[in-house]
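Same chain, two partners: chain A is paired with chain B first, then with chain C.
Showing the complex of A and B:
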């Protein structure tokens, strides 16, 4: 594994993402020719806002571009978090959802929607708190004899997820009317809503989170061969676990707070990347991030076109597309 | 402000990469350092409609959810995001100004032929932009997110939120004013007001009938005391047996058996066979057939208009009153058996549907 290989593969994936982004910019209920899009983008970049038709500005800069940006953010965050959890647990089923981290983030977000509606940043902060708190509880419950035990941890995560989902259901039945509708839609995963917070901050946190997990990738490779072996080779296993858990829950909270519960990405994308490029985490972390972005942008482009003019929640799209692909890949691997 | 918003957007990491790569320029390096202007951005975005107010002829109004909206003085193109609003626009005779509506807008039938922008909870913002509306009409069934997104795009959104029948009349008059049809609206509202007053006179001194209003059968969902349907029931001389602060509470059949409603009120879905089937199904269903009202055939099927705060609601109230107070409005039912009674109530539903 050389640095050049990592850079080349990531560059290739980024190129795919870029092409996909351009194609996605052209697709939508509002018809715009490719030429109009290019002209509008040029005018936008040159700051000549008055020259472009108001519609084009709204559609490209108000709707499609922010949405693609949000999709990239969410996809990258969830996939990287999933890859991190899978390494720590040495369990292919690990995923932000299985561990209850997503549910914790969702509960935090819903509480903030009820208690402090329409406050910029409150949803994100509450989602982080929810995700961190869940990880802390699951981490604590997952310890056995002073050691983190993968099986116990996974079970604790499942219990936490179902408990938190029940609390969410309780809250949703006590809230009525308009808020409820928004929440139900948001829970299914939705990229159309404005995150109500500056995207630059979200991207900053995304890069910090992915960066932290990436710094542990050599250690994760050793942990994959077994925790005892990794310890004997001088890896501070508990420190690595802590870094990855905190970063992964940061990423999950980030994604859930802006887009709700989008499933399958954290599970599916790292698996696909592993099948394509092998299990080396130095390659797997960055490829999962870009691959997740590709997956969500694709899913969201489909979500806003297949039932046009209505839109599907992107979470429904990822589940419809993700589940069969996942089953196919699993069966092929078993053969 | 607009420049700050868009320039800020261009400085975002990934869109920056996309746009930057497309245009051969690097993303702005100070992207992250320049963050933290969200509060300002939100505040100035909120002023955006006011800015358009200056250039076109607009007036600032406060909508029914308390938002300040700059509505053009001369509204020509309207997009409705809810069936009741579409119905109101048609009732005011303003359908020529209706540029688009939702896939749920089925009353009157002509509304189905208007360009659709999607369903009320998840309309396509792009489709709305493409219709170039001067004004978008929303209600509480739409999501806040939709309203906020449209506002951010500089499209005026006026949200109606009627909680009572009187509110609905006021909303109708207001909508007429907004769309430059003050007279039509005033006469329509006056007519509806008269109908309601006549109904009130005939129902005076009648005790309220205790009903179970079925919003959804399985699971059983009924209405709360703060919904406009609860108010519509009062106008029809009835009262829900369920007292709940939730708008659409889910309740157990045990509770219904205990409270012994005098009548069951169902909403029809505009098809005659379905209406008859609805009553037959209910009478055949376990537990339901234990309810005294069902045994006696005291089931009223009422047009779906009862669930929509639009001018059609008044007619639905009148029909409901006729179904629930046969001693005032219809021939005596005492002589007929339960079977006939149920046919009679079905007929109420059919009349309502045939309208």
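Showing the complex of A and C:
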């Protein structure tokens, strides 16, 4: 593996994401050509706001781009967290949704919505705490005879997810009808950006989280062969675990706090990237991040168009594609 | 590149450091260990105290029945466990005090099982042996690639480099695992029951290869095994374990005593001395 190979592959994926973003920006009631969109984007990037038509400015920068930016953030965060959990828990079926980590983050967010609705950053902090606490509990329950057991771990994740979902349901009965509808839509995965949320901060945290996991990627390559073997080869396994658990919980909390529990992206995307580029985590982490962004932007574009003018929650789209893949992977592993 | 080419022929154990003029690489002095369910409860299993030495070019076999303490002793040698009393030194330094990566540069441990989560090619697997020498993201250098290639060549597995690990036979897989250990350039090579899943041909081939590695490349090799005759044939010294104690240590001829083997393995075993001076164990008559 070389740095040049990583850069080239990531650049190619980033180009695909850019083209997909432009196509997604085109779609909507207000029609714009691809050329108009690219020109407007570059004008915006150069700070030449006066040169662009007012409609373009409000449609692209006010409505469509924030949604795509949120999709990129959520997809990158969930996919990277999924790839991290899969290595750390040595389980190819691990992802934030299946392990119940997304539900933990969702519970934290809902509690924050009810208890501290006006405190900036409270939702993200509560989601992180919920995600981290769930990982700790599932990890503890998933051990059998001092060893992490794949089947027990999955069961623990499923139990945790259903228990947390029940608590969320209970909490939702305490809120009023209008808030309830918004919460239910958010829970299924929604990319409607909240104007109170500062995307710059979220992107900063995203880069920190992905960066931390990326620095452990060569250690994760060895942990995939077993914790003991990794230790024999000089890996500080405890430090790597701590870094990846905290970072993956941060990324999950980040994604869930702004978009609800979007499932299967963290499972599906790392597997697709493995099939395309191999299992080396030095390449898998960045490609999963960009691949996750591509997947969510695609899912959201479809969610906005298949039943237009109405729209589906993006979580429903990812579940439709992800559930069969999950079953396929599970059956392949059982064979 | 010439400098690298120079190292082509020198993928060998580290030279014994100065101060160890006697060639002793591994020194175990009265090392003991105890497993207990909790810190305050009585130990469930106790090992030792054990003393032994390993020199350059020496192949040592640790023999004994199940639960005799073989693997625990190996873990003490590897620094995975810290002795409760006594010392384990490699190249003059206390093993359990070494930083993890420094330890991995000195000691390579080939474990009983190596289960991969995702498919991996042989070449990628062997390159993992260079991990203790890399920097943060550990992109492999030309030297790493050269040394990994040499390690594959030393175990006769060059042709396997592009194969998938999960498509190898038991013998091929064992050779590749050994190649990864050699890529670590250790001075001490530890193997925990490496012949467990091999047929008789594979067992002989592996022991012969280990013997050659010790003779030609100066490794000190310690093998935990159940194979009495193969150990007698290929090892310089044997440590015979029983109930957590090393009851005999010495050359195969010194250790293979009929009564001792019968007591340890609880089987009617006979020992006959061959013309080569190495003993052979056969199953005695059952009456």
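Basically, the second predicted complex is superposed on the first by the 271 of 335 C-alpha atoms of A that agree within 3 Å, B and C clash if a C-alpha of one lies under 4 Å from a C-alpha of the other, contacts with A are read in each partner's own complex, and residues count from 1 in each chain.
Rule of thumb we're sticking to: a contact is a pair of C-beta atoms (placed from the backbone, for glycine too) under 8 Å apart; a residue touches a chain by one contact, two chains touch by 3 or more.
Computed from a predicted model, the values in this text were never measured in an experiment.
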item	value
Clash or fit, chain B versus chain C on superposed chain A	fit
Partner chain in contact with A:40 - chain B first, chain C second, else both or neither	neither
Which superposed partner A:201 touches (first chain B, second chain C, both, neither)	first
Touched partner set for A:182, first chain B, second chain C, both or neither	first
Partner chain(s) touched by A:226 [first = chain B, second = chain C, both, neither]	second
Chain C versus chain B, contacts on chain A by residue	B
Partner chain(s) touched by A:279 [first = chain B, second = chain C, both, neither]	second
Geometry of the superposed three-chain model: angle at chain A (Cα centres of chain B and chain C, steps of 10 degrees)	150
Partner chain(s) touched by A:236 [first = chain B, second = chain C, both, neither]	second
Touching partner for A:79 - first (chain B), second (chain C), both, neither	neither
Shortest CA-CA distance in Å separating chain B from chain C in the superposed model	25
Contact residues common to both interfaces of chain A (with chain B and with chain C)	none
Chain A-touching residues of chain C, taken from the complex the two chains share	78, 80, 100-105, 107-109, 111, 113-120, 124-125, 128-129, 131-132, 134, 136-140, 184
Of all residues in chain A, those that touch chain C in their complex	1-3, 86-87, 90-92, 215, 217-218, 221-222, 224-226, 228-229, 231-236, 274, 278-280, 282
For the chain B and chain A complex, residues of the former touching the latter	2-3, 6-15, 17-23, 25, 31-32, 34-39, 41-42, 103, 116-119, 121-127, 129-130, 132, 140-145, 148-149, 152-154, 224, 246-248, 250
Interfacial residue positions of chain A with respect to chain B in the complex	18, 21-22, 28-31, 38, 41-42, 44-45, 47, 49, 54-55, 57-59, 61-66, 68-69, 72-73, 118, 120-121, 173-174, 176-179, 181-182, 185, 190, 192-194, 196-201, 203-204, 207, 304, 308-313
